[in-house]
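Look for subunit A in each of the two complexes below; its partner is subunit B in the first and subunit C in the second.
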Partner chain A sequence: MSRDPFTLSKKGIKRNMTPWLFLLPSIVILMTFLVIPIIEAFQWSFLDYELISNTSEFVGFENFQEIFTDDMFWMAFINTILYVAIVLPLNIFLPMILASLVNQKIRAVGLFRVLYYIPVVTPIVVGAIMWKMLYSQDGALSSFLVSIGIIDDPMNFLTNSTTALIAVAFITVWKGLGYYMIIYLANLQSIQSQLYESASIDGATSIQQFRKITVPMLVPSMTLVSILTIVNGLKVFEEIALTTNGGPAGATTTLVMYIYDKFIDLDVSIASAAGLVLLALAIIGSLIQMKLTNQREDDLRA
Partner chain B sequence: MKSNSRQKKILIYILMIGITFITFGPFLYTLFISLKSPGQGIYDGLLPDDPTLVNFIDAFNQTDFLLYLWNTIIVTGIAVPLNILFSSLSGYALARIDFRGRSIVLTLIIATMTVPFQLYMAPLFQIAGDLGLRNSHIGLTILQISTAFGIFFMRQAFLHVPKELEESAYLDGANKFQVWYKVAMPLVKPTVISLAIYTFTFTWGDYLWPLINTTESSMYTLSIGLAQMSQNFDGGNLKLISAASILTTIPSLLIFIWLQKYFISGTADGAIKG
Partner chain C sequence: MNKRAKRMLLALLTMVLSVGLVACGGDEDTSSTADSGSSSDELSGEVTMWTASLSGEPFDSYFADLEAEFEELHPEVDVIMEDIPQNEIQQKVLTSLTGDDVPDVVNLAPRYMVNIAEQGGLLELNDLVSDETKESYLEGAFNAGFYDDSLYALPWYLTTTVSWYNGDHFEQAGITETPKSMQEIYDTAKAITEETGNPSFYQIINEGDTVMEEMITIADGEPIVKDGKTVLGENEEIVEFFTLTQQMYEEGIMPQENAEGSFGTAQELFMAGNLSLLESGVTFLGPIESGAPEVYDVSRSGEPLNSADAPMNIAVMNFSIPAKTQNPDAAVALTEFVTNAENQLEFAKVAETVLPSTSESLEDDYFQDPGDSPKAMGMLEASKTLQRAESLIPPLENSADLHEAVKIAYVENLQGELTPEEALQQITEQWNESFEEIGEAPTF
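So, the complex of A and B:
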């Protein structure tokens, strides 16, 4: 059957329409609620946009100048980087240990996998309330640390400016442990058991096996976990908004808290400009991470 | 050798139980607080001296817990089936139908996944207002009724459906919609279930968008209601809030435990293939 490229037959039109009919609902929804808002955010960052009156004026890079000269922005920027720097190593190594433990062929590991995964499916508001109680001055953590002599007096970890950021970061780590554990677990289960068998015949100890076989084989998961941690860590909001609300004295104000505060004040152009900085950071972070890992993978192969 | 491996096992169990205190400890702590009687202080001792369910009853009677629960059920009940339907239709077209523009659509969808929500929440807030979707159940679901992640996730699953099965259906005279529904969908059931749980847990626990898009307390979801209740944390009744927190977590927990096999393998697949 020959096809005339210029006049489509009725059947041809129908065939060409079919994929678009499949895509239609998603495209309408994603266009309206995702693509258009993203494009608008780009535009707003170069406008002085009034949300209420719906009026705007082109201001070029003024919004960016304003945020780059705002001390609060830089404080939020540094806090965000610090936050990622605290979470990143914990997210890379703790779930790896968890995955190695629940990868053993022993009884009841299934139960432990479930128990470790539960924080992932817990609403973050509930998680924040639970940790807020644990961290409070009269809470369990403070009493425990006093009783074993690590701290002298009971303290609230969320209102102390030296501990607040670490305390909140740990909520993020807690929430993600199970998720990242599963990523590592899937990777671990793809490692051939012969590798371990021949290593033990050669007399390698468990720790040697972990260092020489497990860790190198887990590099792909480590990359993925790092990228996810960077991208998600830059976006951290709920844990902070619900526990410290950015305090004490801005010690836990992150970029997203900054964006949210600007949004609440209806400074939507400033919020959009800061949002673009956030997007840029996310892209740069993942690119650096990918580049570093490619390097490492090449080194390992060499 | 044998005693050595036995010692190793005991060590592993001790480590695993120790980690349970970190992951599950906060739940137990909250549960114990929620069971403490009016006579016992919130932080007085770890265990409830005289366990009571009065805080759970109060959570129902003295707060709008049932209203928030109802709103959350409606929002989740809209989001889950629609996201499955729309994402699997799109995912199928992108995996199985050859058409011009396919790779552009796919690239665009993947690209949007890296954009932080906080970048476009202000324009989205305005669009929701223009469309009359503020303070409405539909308005609360717009981020979940079709997701880039869902489309990509379903597409990955459809890529693995054997072509021969579809071809024999076409020979029997089926059209593309029939092949999608009758041949392909049943074969990707585990992925559909994982997507359902993802959408469920996300919508059930979502906080930022409901916070922005609801101003009337009659439209609050459980997350917003709980956050409001715990706002006056020091003065508030923490035992009641703990009880409400436990109740809020139970549906997510039950669904997860019921379908955890799919959920966990779905997470792994999504992570490794994605």
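So, the complex of A and C:
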């Protein structure tokens, strides 16, 4: 008599349960701090919810309608996309170049690795003050650009509507540089040296080796860095709050700042609706990025 | 798996699930427990009071004395004073109000009070405060505690606008008087900038509220909103304000940092000697005294930069009582005690940069002859301004939207992205839309 494939022995159940038991703490934590809040935000976005009195009324899509007709929301939405668009290429390539440099057999390489990592551990408040001074009208950057004739008069890069978002984006890049460099460095050290040796014998220059060996081998790290950048970029808050507070005239207001302001004004339903838009944006962005990099990985394998 | 391992696993599962259930179980209706407090004549129990950014000396000693005095009057009451940094207090109050661990008395600015009162988070004080107490406060300050005809806060300390200027810079430019109109501000600031080579005038913007107050002052009694319809563009003085500030920014008379417009940036620039003239409360000079004594010594104060009888804004710091307080009687008694004339006078002396909200305190010699330090002279000017000061912006549900509309349009005008007319039109449209949305038709 054959054994029913859907009936598991006691031993089988135990064996199947074990991995789930190991995962259980993580599942509970994720449920508590991620899934349940998302479900609650989803609920609130369809209600006119009063947080303090804990009363609510079903309003359907009214909250979404309100945010989609709010100019400030669109300004924040566009700023967020622009912000990610500025930070993404810089975060992918600058740490990669740095990692390649500190992966060489040069003197004091450890010191360089530490120096590049310092921004990661520097409190953002300190970093923001430093960058504010650097960007000010009589700061070093303005003086330098005036001296080489790129700008005519000294300017404050954080209070100028055209430059403010780019200026803040550079703070984010500076802050993440060392962190992403470590990711690339770990990947670089797993590349077999024979590949470079063979390429050298074949007469490939350093730049050719970088383009044809290093970059393709770093695609998995690029995928990780780009997804982290997209997700972190979409939820940027501290750098902006500490340097421009969303100004001038909303030029650096991002979606998270918009959500924060609505929440502080006790418009939690509007904040939840905007939060769901942000979540959707993060999922779409990550999926596109994964699709693109997976395709690239497949091309390389072929 | 042996028995012991099974038991351990079961215990672990129970613990983990309990954490999850506790985290998900915050939806129970924990509405007002205000009526659970003591109603007997003799007060008892614990009462917690939160103040905003008043830690360190001399405030620690002042509050310790206050606490001891109140506990002596009411031996069964245990007072707990906690100070919360100003930039955290609103978040902390909101977090506490959604849970059960609420303070009994909290120091709130009126614009935060409105949001919380609107959702039923504050105790209605009309019937809990005696007429005698109500009459002890200055009318303008007391009115700032009302929202929707209900009293939600008692006034504590105040500040009104005065002008601050760098005496050295004025002397260098040969100017002996502070300006009294927008055109005079422009002429004065231009002369100083030409002399010192630095920007000289700063308009504090903050969240947009200070520009809004400035517009009401400039309108000099003419409403800028009539029955929910904004009439800003019709006021020539307001158009001139936008025109000349744009011109000053373009000509470098106002610093580029003014696009940020915060109070803190104004202090930093003034402290560094890179600013000569602005309007602000007396608190402005506080950090300058310790941070830049040489600038403090040449700091001078004067009446606000507009006509002598124009209405001026009064900034009030209130005390409110959360609706969830477990001890409303003691909370009300403590609020009345802290804001009484005697304690407010003492507080004003300790703080040196604020005014009391009780009429009796203001009659004290301290306010008639405060001394000749720059801070004391500022206090004297502020107490003169107090005669015509009131809360210029009524507490409205959509205050934050109104402020934001002003901030954005004002900065866009400053940077030349909008003409003054376009900026005022933009504010008009957004304000009218906002009034329609909330279904209110205020006049102010």
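What we mean here is this: the second predicted complex is superposed on the first by the 263 of 302 C-alpha atoms of A that agree within 3 Å, B and C clash if a C-alpha of one lies under 4 Å from a C-alpha of the other, contacts with A are read in each partner's own complex, and residues count from 1 in each chain.
What we mean here is this: a contact is a pair of C-beta atoms (placed from the backbone, for glycine too) under 8 Å apart; a residue touches a chain by one contact, two chains touch by 3 or more.
Nothing here was measured: the structure is a model prediction, and the numbers come from that model.
Asks: Touch check for A:Asp265: first (subunit B), second (subunit C), both, or neither?
Replies: Touch partner of A:Asp265: subunit C, not subunit B.
Asks: For A:Tyr116, decide between first (touching subunit B), second (touching subunit C), both and neither.
Replies: first
Asks: Quick check for you: in the superposed arrangement, does A:Asn160 touch first (subunit B), second (subunit C), both or neither?
Replies: Second partner only, subunit C.
Asks: Let me test your reading of the model: by the given contact rule, A:Leu51 touches which partner, first (subunit B), second (subunit C), both or neither?
Replies: A:Leu51 sits against subunit B and subunit C alike.
Asks: Considering only touches as defined above, state whether A:Ile283 meets subunit B (first), subunit C (second), both or neither.
Replies: After superposing on A, A:Ile283 lies in contact with subunit B but is clear of subunit C.
Asks: Scan A:Met72 for contacts with subunit B and subunit C and give back first, second, both or neither.
Replies: So A:Met72 only meets subunit C here.
Asks: After superposing on the shared chain, does subunit C or subunit B touch more subunit A residues?
Replies: Of subunit B and subunit C, the partner in contact with more residues of subunit A is B.
Asks: Name the contact category of A:Met31: first (subunit B only), second (subunit C only), both, or neither.
Replies: Second partner only.
Asks: State whether A:Gly250 touches subunit B only (first), subunit C only (second), both chains, or neither.
Replies: second
Asks: Could you list which residues of subunit A make contact with subunit B in one structure and with subunit C in the other?
Replies: 25, 32-33, 36, 51, 136.
Asks: Under the touch definition given earlier, write down the residues of subunit C that touch subunit A in their complex.
Replies: That would be residues 1, 9, 13, 16-17, 19-20, 23-24, 27, 29-31, 90-91, 94, 97-98, 115-116, 118-121, 255-262, 400, 404, 407-409, 411-412, 415, 417 of subunit C.
Asks: Could you pull out which subunit A residues touch subunit C in their complex?
Replies: Residues in contact with subunit C: 14, 21, 24-25, 28, 31-33, 36, 50-54, 72, 136-137, 155-156, 158-161, 244-245, 247-250, 261, 264-266.
Asks: Which stretch or stretches of subunit A touch subunit B in the complex?
Replies: 16, 18-20, 22-23, 25-27, 29-30, 32-38, 40-41, 44, 51, 98, 101-102, 104, 106, 109, 112-127, 129-134, 136, 138-140, 143, 174, 177-179, 182-183, 185-187, 206, 224, 231, 234-235, 237-238, 242, 256, 259-260, 263, 268, 271-272, 275-276, 278-279, 282-283, 286
Asks: Touching subunit A in the complex: which residues of subunit B?
Replies: Of all residues in subunit B, those touching subunit A are 8-9, 12-13, 15-16, 19-20, 22-24, 26-27, 29-30, 33, 42-43, 46, 85-87, 89-90, 92-94, 97, 99, 102, 105, 108-109, 112, 114-127, 131, 142-143, 145-146, 148, 151, 176, 180, 201, 204-205, 207-208, 212, 222-223, 226-227, 230, 233, 238, 241-242, 245, 248-249, 252-253, 255-257, 260, 264, 267-269, 271-272.
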